[in-house]
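Shared chain: chain A. Partners: chain B in the first complex, chain C in the second.
For the complex of A and B:
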């Protein structure tokens, strides 16, 4: 997995106050692949995801050791502006969280304020919504509040909002756990489509989902990376007993 | 079993009685003011200057003065209060210093208003040489309502879901832009709701403006913020305690009280309308 790594994590420890949440993690994420992070609740997979775009900075009393290289640069180096990192590494959250603004303004918000891709906003909004397969459903109600959309539509809107920044990487933190099966299927199709242009790292509690959509899977347990391999390998012939126990549903 | 049931009834009865007493007290006061004051109200009363040593004529200068002072207090208290609340909730590292500042703000809320008046006299009127003026009075009143506005703003800012902040920051939008574009607009209806209380208080206060802004009587209307003004609360105080003919001006006193209550309600109403307007599309 040495080739075309877009993110390399080197010996990272992470602490919430005195509590160590991640222990000596080293791994690489490959470009234009879907990588799934799985493991029982509290295993550190979401914490790891939020380390990648420095969202954990928002929590007081956290501390990072080690380095995370994004395109060769340590994103935790003192001279790095986390705001710049987040422009290139977008995020979709567990619960759809559109702004209480119009559909149009939800998408245009990031580009407008950051000046990124702000040349032709209308075209960008349309393109982003099309990428998120939401355009046909909302093109006639662009000036309506995004809060009126269904949960599944809201989540695709949030994906479109992240895509409008044209990031290199899309982080997804259990993006379908609050959605019904049909909306979930739509998002999974979308992920399949998006990986042509983006690197996607997704945290999921749903093992079938990880098996369906990811190319690589990493299994975490109590802050440790237990096993990381091609998804089909993990789900057919895991090397570690704990991984096998988890994916066969013996615990977790 | 029966005794428990009875206890419940007694307790509910007490709670109901408390609510009723408060409503009756409020209704009684309002009725008393309207009953005694309505006779004095006329178009002339609210649009004309006082005449005959303030025993006849209108109270227009006092109405205008109170409106000026209230607007001034809002103009000073609101931006300062919101800015402080933003600092305390969004930027400051939560810890001992922030706690200390918050205790200080709460203490400020408990300071008697006459102390604010004396501070205004010493600092704005004399030290900064603003004189007894709209500016000095507005600054004093603005400081008086600051704790209320900060408290209300803090609550409103905290009520904005964290997920909005995260969503904005995750797009690579800076913290300040997130605060300004997402957090503040969503908190503003709440900020205004709370600030209404402070503003109503500012409009009705006598002590803080007594030394800093209010004139016993001025023949001319203020031409700038450095002029003295008449103000409704002080006018009432003057008529009721130091007027040329206290007994004869009773109807005018009640009329003035009624106008003051109406002005305060009017200010509240404007804020409620603005809030309602801003709340559209802001449900989450």
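For the complex of A and C:
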């Protein structure tokens, strides 16, 4: 699992005030792969995900030790602009959170801010919506409010919005936990498609989802990385007993 | 291998019920082999008939266990050790059901042989029957206890059975060469021996699945490397 790393985490500790949430994490994420982070609530998986695009910077009293290399550069180096990092490493959250704007403007908002000219915007919006497999459903209602879309459509809109920034990596924090099975299947299908062009790191509580869509799976427990291996291996013959106990439902 | 209990006690009970069912099915097949052998050595045709009748119960249990395993696959989506346990259980019930059929084959041959004078005293066949009965018991014990050593022991005994089968085969050839009137009976006895040998193969198949269940590695064929 060494080759083709797009992100390398080296001996990272993370603290919320005095509380250590992640302990000495070292791992690499491979390019154009889907990596699932699993573990019980409070295990640190979402914390780790948010560390990857410096979202934890926004929480007071947090502290990072160690380094996180994105294409060879430490994203926590003093001269790195977190906004630029977040452009390259996009994020999709648990609950769809479209802006209270039109469908078109939801996608165009970010690129406009970063100076994409108006002429190119239409094409970018269309391309992003097509990539998120939402275009056919919304192409005739682009000037309607995004708030009128269904939950599943809103989540694909949020993915399209992230893609419009042309990121390298998509972070997904339980992206389907608020969706019905059909919408979930559509997002999973989409993830499968997107990994051709993007690297995807997904936090999920749905073990079957991790098994279905990821290439690699990392199991976390109380802030420690317990096991990181090919998904097939984790779900058929994990190497660590704790992993096995968790995925077979023998925990606590 | 001491396993922690599942958080869901219902699930835990379903898995335990599968284990119990397999042990029961195993006990029925052991009895079937013992009775089939006895029906031959004691020339007891009525006992042979009971082996054939009792096979219906073995078939019914096989179907019932398989259905319950499939239900767990569909409803519980087992992973890791649970997944390997269920797939192993499905294979084991298949092996046991076939063992039941072989006991029926032996009983049928016994019924035919009992119609004619005995060709020779049976010495090696009862020994084979004891050994294959022990193999079934050991293979199922190894399943219940996840005991790799016991599974290995089953594989070793299988070699002994192969040798015995060949020895019986050679011996019966001499009877056939001696007098062509012996051929029919000798062939029937050969088939009994062959069925014993195939039962041993199935017991080895169970032991191999236990090794897979415990280690995740396939040892059924020289060529297989299922998870590598």
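FYI, the second predicted complex is superposed on the first by the 247 of 252 C-alpha atoms of A that agree within 3 Å, B and C clash if a C-alpha of one lies under 4 Å from a C-alpha of the other, contacts with A are read in each partner's own complex, and residues count from 1 in each chain.
The criterion applied here is as follows: a contact is a pair of C-beta atoms (placed from the backbone, for glycine too) under 8 Å apart; a residue touches a chain by one contact, two chains touch by 3 or more.
In this text the structure is predicted, and so the values were computed from the model without any measurement.
On the superposed chain A, the positions of chain B and chain C stay apart, so the two partners fit side by side.
Contact with chain C, but none with chain B, is seen for A:211 once the two complexes are overlaid on the shared chain. By the touch criterion defined above, A:97 reaches chain B but does not reach chain C.
Look at A:233: by the touch rule set out above, it reaches chain C but stays clear of chain B.
Contact with neither chain B nor chain C is seen for A:108 once the two complexes are overlaid on the shared chain. Here the apex is the CA centre of chain A, and the angle it makes with the centres of chain B and chain C after alignment on chain A is 140°, in steps of 10. Contacts of A:86 after superposition: chain B is touched, whereas chain C is not reached. Once the two structures are overlaid, the count of chain A residues touched is higher for B than for its counterpart among chain B and chain C. With both structures placed on the common chain, the touch criterion links A:55 to chain B but leaves chain C unconnected. When both complexes are overlaid on chain A, the residue A:202 reaches neither chain B nor chain C. With chain A used as the common frame, chain B approaches chain C to a shortest CA-CA distance of 34 Å.
The contact sets of chain A with chain B and with chain C never meet. Chain contact summary for the complex, chain C toward chain A: residues 3-8, 11, 77-84, 215-216, 227. Those residues of chain A whose C-beta lies close enough to touch chain B in the complex are 53, 55, 58, 60, 83-88, 90-91, 93, 95, 97-101, 109-110, 113-114, 116, 145, 147, 158, 161-162, 165.
The part of chain B that touches chain A in the complex is made up of residues 93-94, 161, 163-175, 177, 181-182, 186, 281-284. Looking at the complex, you find that chain A touches chain C at residues 207-208, 211, 232-238, 243-245, 247-252.
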